[in-house]
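Should a chain be cited, it is by its letter among A, B, C and D, assigned in written order, with residues numbered from 1 in that chain.
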Amino acid sequence: MPLCGHDHTPLVHRINRIEGQVKGLRKMVEDDRDCFDVLKQIAATNGAVRALGMAILEEHLKGCIAGAPKEGHPGDQEELIRQVVDLFNKFS
Amino acid sequence: MPLCGHDHTPLVHRINRIEGQVKGLRKMVEDDRDCFDVLKQIAATNGAVRALGMAILEEHLKGCIAGAPKEGHPGDQEELIRQVVDLFNKFS
Amino acid sequence: MPLCGHDHTPLVHRINRIEGQVKGLRKMVEDDRDCFDVLKQIAATNGAVRALGMAILEEHLKGCIAGAPKEGHPGDQEELIRQVVDLFNKFS
Amino acid sequence: MPLCGHDHTPLVHRINRIEGQVKGLRKMVEDDRDCFDVLKQIAATNGAVRALGMAILEEHLKGCIAGAPKEGHPGDQEELIRQVVDLFNKFS
């Protein structure tokens, strides 16, 4: 389902903030900032990307998976859940 | 130490690619793409940010920490290592 | 739902193997084994605990959450999904 | 270096507590406890294993790596740091 019925606006705002963090990171590197400060900025960016992923994952579970046909269909609930847990595993 | 003696160019290229992933993610959201595809793009972005962090962490350990005064100084090796392990804990 | 209808036997076997890894780890420490080898054993144990968590999470999503009342009830699907995503955030 | 000069006693105590968590987990499974409670116990065990790993990693960086020959030797600092960052990546 397209974005599980998500409203785009707050997601786009979050992504804009992440883009700002990435641009800030590039500027820190270009300005030759202290290595540990660069690492802190990367950790913050990583946290923001991960939190966005968790928010969308939650909506995906609520909106797409909960509404899928239970089993014995292509794209059924069991299959969707398996996919999402596989993806979970890549998230960190 | 400013970026632990890192050459900026490859880092800036990696950051540019991450910025491209973030822009691609926003476009997917605006285009109302399938929720699971959006999650895959977020997982890929997360992986790229984390890999960048690990690369800089490695250089930080080699370049800054290894060269710091061993102990009994402000900013000595013990303190720097403690900081970096704390930071690592936030990385995932 | 008690263990989401899971068969206990394979889970108990996995937990037994994890217990064996933890005992092996203690023996390595008592035998004063190389620090990096100890770290590798900890990473392997961590991976086994996490994989067990993911397997049970998958069954939990399939068995408990999918079958819960959709909304407007105590312990409904929305609430259960929120809880499980919160928990996932602690998993790494 | 054997355990980087670590005192064994507190490490063995931590490992004993982790073993207790794993035994508790098995009992929960055998007693057919609620699936979400089992997941919480797994998350707690995972956190304890990871925290132990971070503590040993910190000592490893301070004790073994900081004292290694800088470069151009087998098992030199650069090589040890590369290994430890690779291991980091498996920790979550």
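Criterion: contacts are C-beta pairs under 8 Å (C-beta built on N, C-alpha and C of every residue); 3 or more make two chains touch, one makes a residue touch a chain.
Predicted, not measured: the structure shown is a model, and the values here were computed from it.
Asks: What is the shortest path, in steps, from chain A to chain D when you may only step between chains that touch?
Replies: Between chain A and chain D, the shortest chain-hopping route counts 2.
Asks: Can you work out the whole-Å distance between the CA centroids of chain B and chain D?
Replies: 22
Asks: Quick one: chain A and chain B, Cα centre-to-centre, how many Å?
Replies: 17
Asks: For chain D, which residues are shared contacts with two or more other chains?
Replies: Where chain D meets two or more other chains at a single residue, that happens at 57, 84, 91-92.
Asks: Between the chains shown, work out who touches whom and classify the graph as line, ring, star, complete or other.
Replies: Looks like a ring, each chain touching just two neighbours.
Asks: Any two chains that touch count here, so list every such pair.
Replies: Taking the chains two at a time, the touching pairs are A-B, A-C, B-D, C-D.
Asks: Inside the complex, what are the residues of chain A that reach chain B?
Replies: Residues of chain A touching chain B: 1-4, 6, 8, 11-12, 15-16, 18-19, 22-23, 25-26, 29-30, 32-36, 38-40, 42-43, 45-47, 49-50, 52-53, 56-57, 59-60, 63-64, 80, 83-84, 87, 90-92.
Asks: Enumerate the contact residues on chain C facing chain A in the complex.
Replies: 54, 57-58, 61-62, 65-66, 70, 77-78, 81-82, 84-85, 88-89, 91-92
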